[in-house]
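Structures incoming, each one as structure tokens.
Shared chain: subunit A. Partners: subunit B in the first complex, subunit C in the second.
Coming up: the complex of A and B.
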């Protein structure tokens, strides 16, 4: 029997982590809601399973998304993950083919060289040894990058790398030790027996010239085994839990499970899938413009995992969604942050402590029953009937240019419309939601919904992307909700308004809530293309920047806001356009304070280009838009 | 007895002296600590002028901030709840006071002091 005491640390670690992961996954599965359980079961026997396997290969091993964002960082992750996977795979095959018997215990594959020191002298064995050395060299090249990244993060093109807690540091050290100790252990053994390929063989022969190779090998085999064992045991309490969890996450996501608005198993799995790679830190404008470096999503995840007090972190975020877009694991970072914001509002009661893995979940969030209305002063109002309802929104009232332009456009279109909040209306409710006050927001939503229902309108147009998002997602309305860019796009396409062409060079800044938040990228650009010379920037569509004015951030100071606005405006106006166009009153206000270039909302540009004399006047109040709806 | 007093007009004007013991500066101290920009407020009233809620009520953030700073916080919590957090006040503030955060923090502080009151 092939056995040596040095394999004990490895064996303890390996069997511990295997049992741990199985138990963890079973508990997670049992803790899912019933619909989610069914989704997962259906996914297991359906196409989601194949998709997941493909995604696991592409993302967890190759790290395709990181490679796309950052080649060197991607190589570092790929060499460690894919390289290690190959090493285990080829090692197992090697032990299976060349070992004493088939189907060996894992340790025989991992420590194959120790038990078969004479292996690999010639022929096929030597070729196989070459492959194994190649894989090890591949991993070591990535490791070299990883070690250098800790002290000099620019090596992988990153401005900042993640700050780690103590257990993470120990786990990281043991991970780093695994591969060099394997290299040295194999090299010494190879040196002693005169075997080994280009890496271990050469190094071993050289080391054997001035060191007693046979005696030196044994301690390094111990080190190798101990490093592996330590790493496995620290896995559950360090960030490396992401390695097994991510597989489960990919499978859950492909089965159709989503975060929702309450903490649950899926949130927990996502939290543990975060590898703290630091890509969110690098894309965060709070980091590189305002120098706020402790609130990024990686730290939010770390805070949730370790049950720190994260209310400051959760509140200090612009919710621009740039990190969501960039996250290579595909964690829904903004929804998780929203859950944290809401969490402080709700009451708690004690729940089974064995169910939740996170301490915060042991206090299950329960809805507090609304005691009294905060907005009793809002009286019901009668509303005259209309076709199109225009809701400017609070922010638009601070930028009168936008609402005046919209009134001008609506007048020119000849449609029957009513300005819902001309005299100053009620807030749409999203600012309250962003602060985590969902119950209060619901009161405002109900009030506004009544106003909209009573008006009998078929289309609700709003100028503010913040309002647009909440009208779309949180209101139960039977009217079509349009942002004014969509509405203007339709007016132009249907010939309600005629446009002159403005000989102006324009760049478009896509507002966070409209672009990444609601997925509207094309309509604003089509409108601008129609009336002006639209030029491209380096921050198109999902890459777009945040203006810094976001209402979602409760904590940021006005000075830091201005820094973000100034940086973003500088990037956008790099090619000196005549107009910096946007589709959000808040973006307009933020940029106007930060740049010399003229900042204008799309509606203002359109109003300027409006050819009033040639507009098609419709007498029939039932417009084409209504017919369009009927066709659908 | 009380009715007699009223007849003679002793109670027509209330006492004018400031009773420091009755004032509760805790909320103000908490807010100054958590949101230092509150110290920059010059009570110009820009926030109250633009306020969405003020279109429906007599709600005035300027007034509430003054009351908090004085420590006369009896009516403040009930009034603060009327805020819709729309953020116009933050945008118009000439001194860069983070008014939204002040309101959220103040509500939190009042909730806490309610819990610990008994």
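Coming up: the complex of A and C.
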């Protein structure tokens, strides 16, 4: 049997990490809710399995998404992950073919050169050795980038790289040591025996000219084994836990498991899957406009993993969702932040390092002062039934231009409508939800729901994307909820209103809550295209910027907000359009304070383009809905 | 002294500077972008605190230009600016190149564009006007609504565009409080049957005889002062305005129906000033006004030697302060022309 004491550190590390990962996965699985368990089981034995394998190959090894956003950074990740994978794969095959027997213990593949120093002389062996050297060179090139990135992050096209904690630094050092020590160990051995290919062979021969290669090799084999062992042992308490966790995450996601509004296995798996690559830092407007560099999602994940006090981090975020779109691992960053916000007000500090401590901390119930709200001070609504209900929302009341335009459009359409909160009403509830106060929000939701039910309307139109999202997702309504851009598009398409063409150059800013939040990108653009000359910006659809006015951030100062608004407005108006159009009263207000360009809501542009003389005057708006149903 | 000074801006500060320099025998070119000098003052009815007719100050300033040999360039803006060995070369929009030994910037202020506070409905609702619009109505002598009716209840909102982080103006414009008091009294004079409500954050009556005027408004004219910032205004079907405000002294929310709403627009760095700052490489502060090198002992000096500031292009000021600041600028210029070169 081939054995040498230097393999012990590697073996300890390897078996430790294997057992750890299996135990961890079993615990995670057991902690899943029943439906999620079933989902995962079904996913594991169904189509999702092949999908997951494909995704693991494309994302965990090749790092396709990072490559797409940043070629150099992607190459760095790919060379380390895919290269290492190839090295293990080809190493195992090598040991299998050329070793003493088939099916070897892992260490024989890893330290193959040590146990078979004479290997590589015949032609076939030399070709194989060449492949192995090529893979090693591939990894080393990525490593070189990684080392340089720590000092000079611009080398991979990044403005900022993540700050690390101590164990991460030690793990990082051991990771960095693995490949150079392998290179030197193999080179010395090759030099001593006159084997090795273009990399190890050449280096080995050269080193052997002035160093005692045979004696020098042995310490480097020790170093190689120790680096590997240390890395494996530190894995669970460092950010490199993301390597095994991400595989589990991919299986879970492809089985249809989602974050939801409570912390659980899935949020835990997601937090551990974060590799701290830092892409979320570069994409964050708080970073590049306001210079706030410690609250980005990578730090949130790090904070949760290490159970730091992160209420500041959780609350200082615009919740624009740009990082969700960019995250190469596909972590649902904003939902996790929301969970953290709900729990962060409770002062519980349950530390059980074995399992579940994250969840009990995150899901801790916030203590609230019991309040009984009644809204008797609001005027009783008239009981006459209506078809369309228009809810302006509090922000729209602060931008009366939008409100008036909507009334004008509704009047012109001839529809039977009622302005639900014309004389004031209660909030839709979303600001409270964004602050983590779900129970208080529920009271508002109940009040509004009753109003809507009583009205007899079949369509609820809202001008504010914040209200739209909450009506759509958190209310249980039997009416159709539309944002006014969707409603207007339908009015135009069905001929309820006729439009003149405005000879104006318009750019469209897609509001976070409407675009990334609710997936409505096309309708606003179609309406604008119909009435004006719509031009493209570099921030279309999911790439859209945040206006800076977000209700979700309660920590940021007005000065920083203005900086974000001004930067975003500057980017959007780069080509001097006549109008900067948006579809959210909050965006409108934020931009109006930050740019000289005219800022207008789509409803205002439409009201301006309204050809009142030619609108179809009908009182039966049922037909429009019937048409819709027929289309479905 | 055979010297030539360019004054940019023909408002109160610019005219005063030009007049004083000219009195001392210095050749002055006065550049004004409008067809007429006088600035904001032309549109003002009466002045606080003594409610003297603004035309008196206007004619004082007009005499300055008339009596002295000042080269007046109206309808003129500056396009290019060059400094070379103690000389300034200013190119105007008419293509004329002026050569001067020193330059005084007196570009003044712009009123905050009230449409930016959309929640008050300026430009959207019929009967929401600004303090400047009201002065025009006073000059014409008819305080009427858009539909010709006489307003009965009038609300005045203080701090529109001042002390308002959301519009990016952190500073106090200083004059709007006393302007509101003055205008409230004048409304009551014109319309003895009307009721006037002022909605304020703090009453800043830090000037000679301001506090007396404030007291008079309450005791003699029955103007109501309510502490609280109006959150929004909306128009009702009968063409009235409903405002929402929190009465912070009574500690409760308030809803009120009004016929007319007057917005006390604050003062901002003028657009012309922003242009001049860009062309001349002059430093501006966080409040966007020109930044003087020393707030206490050198409020007229700019970051470029030979260029001086006068008046409200550096901060909100009333007419008294503007004229004092302009005369101080004259001293700085004379000092500079004598020793500086």
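Convention: the second predicted complex is superposed on the first by the 583 of 632 C-alpha atoms of A that agree within 3 Å, B and C clash if a C-alpha of one lies under 4 Å from a C-alpha of the other, contacts with A are read in each partner's own complex, and residues count from 1 in each chain.
FYI, a residue touches a chain if its C-beta (ideal position, glycine included) is under 8 Å from a C-beta of that chain, and two chains touch if they have at least 3 such contacts.
Keep in mind the model is a prediction, meaning the values are calculated, not measured.
Once subunit A is used to superpose the two complexes, subunit B occupies space that clashes with subunit C.
In the superposition on chain A, A:437 makes contact with subunit B only, while subunit C stays out of contact range. Of the two partner chains placed by the overlay, subunit B and subunit C both lie in contact with A:398. Look at A:375: by the touch rule set out above, it reaches subunit B but stays clear of subunit C. In the superposed model, A:426 makes contact with subunit B only, not with subunit C. Contacts of A:555 after superposition: subunit B is touched, whereas subunit C is not reached. Of the two partners subunit B and subunit C, more residues of subunit A are touched by B. Of the two partner chains placed by superposition, subunit B and subunit C are both touched by A:589.
Within subunit A, the residues touched by subunit B in the first complex and by subunit C in the second are 397-398, 424, 558-559, 589.
Subunit A contributes residues 397-401, 403-404, 422, 424, 558-559, 562, 588-589, 592-594 to its touches with subunit C in the complex.
Contacts from subunit C toward subunit A in the complex involve residues 116, 118-119, 121, 124-125, 165-168, 231-235, 244, 255. Partner subunit B is touched in their complex by these residues of subunit A: 374-375, 377-379, 394-395, 397-398, 423-427, 429, 431-432, 435, 437, 440, 444, 549, 551, 554-559, 586, 589. Subunit B contributes residues 37, 50, 52-53, 55-57, 81-82, 84-88, 91-93, 96, 98, 100-101, 104 to its touches with subunit A in the complex.
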